[in-house]
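Each chain gets a letter, A, B, C and D, in the order it is written, and its residues are counted from 1.
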Amino acid sequence: MANSKYEYVKQYEHDETLLRDCYLVCRVDGRSFHKFSSDHKFSKPNDDRALALMNRCAEEVMKQFSDIFIAIGMSDEFSFVFRKETTLFGRRNNKINSSVVSYFTGHYVLHWSEYMGDTPLQYVPSFDSRLVCYPNETALRHYLSWRQVDCHINNLYNTCFWNMVAAGDSEVKAANILKDTDSGGKNEILFSQFNINYNTLPAMHRKGTILVRTKVPQEVLTPTGETHIRMKNTVITTHEDLISDAFWIKYQLIPLPPP
Amino acid sequence: MANSKYEYVKQYEHDETLLRDCYLVCRVDGRSFHKFSSDHKFSKPNDDRALALMNRCAEEVMKQFSDIFIAIGMSDEFSFVFRKETTLFGRRNNKINSSVVSYFTGHYVLHWSEYMGDTPLQYVPSFDSRLVCYPNETALRHYLSWRQVDCHINNLYNTCFWNMVAAGDSEVKAANILKDTDSGGKNEILFSQFNINYNTLPAMHRKGTILVRTKVPQEVLTPTGETHIRMKNTVITTHEDLISDAFWIKYQLIPLPPP
Amino acid sequence: MANSKYEYVKQYEHDETLLRDCYLVCRVDGRSFHKFSSDHKFSKPNDDRALALMNRCAEEVMKQFSDIFIAIGMSDEFSFVFRKETTLFGRRNNKINSSVVSYFTGHYVLHWSEYMGDTPLQYVPSFDSRLVCYPNETALRHYLSWRQVDCHINNLYNTCFWNMVAAGDSEVKAANILKDTDSGGKNEILFSQFNINYNTLPAMHRKGTILVRTKVPQEVLTPTGETHIRMKNTVITTHEDLISDAFWIKYQLIPLPPP
Amino acid sequence: MANSKYEYVKQYEHDETLLRDCYLVCRVDGRSFHKFSSDHKFSKPNDDRALALMNRCAEEVMKQFSDIFIAIGMSDEFSFVFRKETTLFGRRNNKINSSVVSYFTGHYVLHWSEYMGDTPLQYVPSFDSRLVCYPNETALRHYLSWRQVDCHINNLYNTCFWNMVAAGDSEVKAANILKDTDSGGKNEILFSQFNINYNTLPAMHRKGTILVRTKVPQEVLTPTGETHIRMKNTVITTHEDLISDAFWIKYQLIPLPPP
């Protein structure tokens, strides 16, 4: 169609093209989710319905963007990793970043009632997101390890905190006690005061949720009636430790250093 | 809380800080809305319910981000203009851009049924967005004029096209006829074949929807029972021509050149 | 000529395009000039030969890049301002920045002996440079004022310091005394101890050197032997105050706000 | 010292920080060297004095910036590769880029007469430069191979061209003949018409000049009068093929893939 004399204003646009050969990590983060989770009475320290909803949104994002091969999420955040070679949207920063967060948010609202039962959605949640380049496998693994360790640190703290509050401590008192404890101290509080062995708590709470794009064997029936095994693309959900080599050897997602 | 040895990976992050003293324009655009609007049977050339939903989302964005002082939308897009002086999120590109598009998308899904009646939402719509700096008033006005002229060009074309199709032309034939007509030719087709005077069509279709943050007088009752006029912040909706000076003189949103 | 299969590596290049409609300011700064000026026995607080050399380099830069309309320099630095509309090298950051600093450095070495007499150049001086966008006249004037005020602050300090040292104070003692004085105190020291009225010192030392691209009237002889006045493009050197409006009214380099 | 109210203008500055873990390649390129080399009567196709001057400047750059571990140059260009881990100037693009090109240019002017004999420098040469991130060893090797292949392609062409012109062809005729020849054709012209075996021409012309930071054994005398071998840091000059693995195995500059 005809263009107008004003069209030159497109020349002010610039969308950064992200460096080739780098893993692109898009991290989606809930905005003001402290208030949002409190307004919607999320159970503490973990609300399994809300986590299931987050995981569902992340799965939908992975279905939509086939260059994402792994994702890790916890609490109100999810990180998506695109293949180094992705040419999605010409690797334009704003375009990729906005599409992912928009898609994630849309699913969060759409599926709310499916996961949150009769807790009505009082207002719109929102997320922000950022896109970061990681130029090699070591840096990428450190990024993912960072998120998983953070999940553990927060969950250990929150498990102590909310058990103490449930047992009658004020929030101020609980925070005061915890600020001087290390990891061992928190484990000790859980065990001695609440008879909780931290390591037996659900892996999803301790390790977060990992989505892995992989192939699984599938039985198919041939026209002649025989069964046949075919590898099928799929996204699986796991809560394994991804810090150790074992995870990466098992899933073969990225090149590993020679042993 | 404790930090892990992996936390250094934050050093890979960089979020561009947008140049000071520039208007920031965030344009949200529907992704694959050609298919989405067809799957959801939007009426053509304009679906007033879908436009009302877009306008609602834009109003919510303006309520949320008080540094947006004007927005213009049409079809499946909306542009939001932040004040030159905004310090929102330290003027970080990804942070502002993702927050706006996330908020917009969330509202689109949340309010769907309110506006689209018994047309169920079959799947999640999504939007992308970009953020552009405009360093002066002329450039900003040209940007907004560009969008309004585009709205007119598209609407004139679509009004012809869909009337021709409704009258029995194939889509291919209609497109073939229209590709050789200028603006006058399209007006002539509308008038002679369909008895439509283009200029009398709804302003919202021809000019798009403009949201302006302004102050309106409001009567308030004083404690002693007197009425009193106070100026109240509000967002008003209009479909005026914003290309001419008259609009900018009327609303006094930006500094104007001396007469 | 033929291309090789390796040529794809150009795709890793990205040279930021600077925002349209902004003044581009390129500031060239001496690297390690404290040592360089000491090794080459520059006189203190100001070495007029070295300043003349800097000014010469800046003039050559202005002759080379015709979109520079004003420059200000002092000590071992020079700032060059390009017109808002410049399309030099497609407004590419690295390209403009490197060309200016390379040209400046080349002249510094080439003209050294012309200005520094029998002081031999012992080693290569070098400069770094940066390129900054200023989106409007106010910001640009504030930038230039910043440099001129800095020139004054440094010159006042250095004039005190080196007079005190010349009079027998140790450098440590002079620095200690000066660190607690304000501008008035430093003027007082100059006047009472050294009988120097700061305001009568050379303008070049107090205000720096400003190069302005302008037109001057020139007499030309017509073929019929009459003299005729023609305006000729030239670069003039001045040491005026550029903070006040008077400078900008006089030279008419940029649009000024209505009175 | 005191700051002025104008100092806020520093907030407009932004100097891109280059991604961690990437090789930084700074390529310095002569500006308008076609004219410069003609004005200074460089011999064609290669002027060994001018090449020696370029190489000298590059060596000085490598001495100055110890994080550069390899460089390759030809004609009027030189590429410098910084270690992945370099923290030079906080990895700021403009700062690194301008410092390298300034230093290079300064040496070019300073050492001109040392290499160019009685050819006076008529005016200042200048260079531009760019800085590019290469995130892994493969990409870096491809970059360096690209430059070396380019050197070969240009040298083969120029050797034919200038021999044909020297033998009486016009420049237009020579160019016309060459534009339809491939590499084999050019070798054939050299051999049959000028009795030149291309592969026996100087390696510096065919492969460019490579500077490698390495350690070489050095005899040192101990206080007790014994001789002792110590490894000493140095920069060596070579004209080897760097495309094949052999070069990289020999110098061990970067991690190589397992055999």
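The rule we apply is simple: a residue touches a chain if its C-beta (ideal position, glycine included) is under 8 Å from a C-beta of that chain, and two chains touch if they have at least 3 such contacts.
Source: prediction; values computed, not measured.
Q: With a step meaning a move to a chain it touches, how many steps does the shortest path from chain A to chain C take?
A: Shortest path length, in steps: 1.
Q: Taking mean CA positions as centres, which chain lies farthest from chain C?
A: A
Q: So which has more C-beta pairs touching, C-D or B-C?
A: C-D
Q: Between chain C and chain D, tell me the centre distance in angstrom, where each centre is the average of that chain's C-alpha atoms.
A: 32
Q: Starting from the mean Cα coordinates of chain B and chain C, work out the distance between those two points in Å.
A: The computed centroid separation for chain B versus chain C comes out at 46 Å.
Q: Counting only residues that touch at least two other chains, what does the list for chain B look like?
A: 12, 14, 16, 19-20, 133, 139
Q: Across the complex, what residues on chain B touch chain C?
A: 19-22, 133, 135-136, 139, 258
Q: Write out the stretch or stretches of chain D touching chain B in their complex.
A: 11-12, 14, 17, 19-20
Q: Along chain B, where are the residues that touch chain A in the complex?
A: 1-2, 4, 6-10, 12-16, 31, 60, 93-95, 97-99, 101-110, 121, 124-134, 139, 142-143, 145-146, 149-150, 153-154, 157, 182-183
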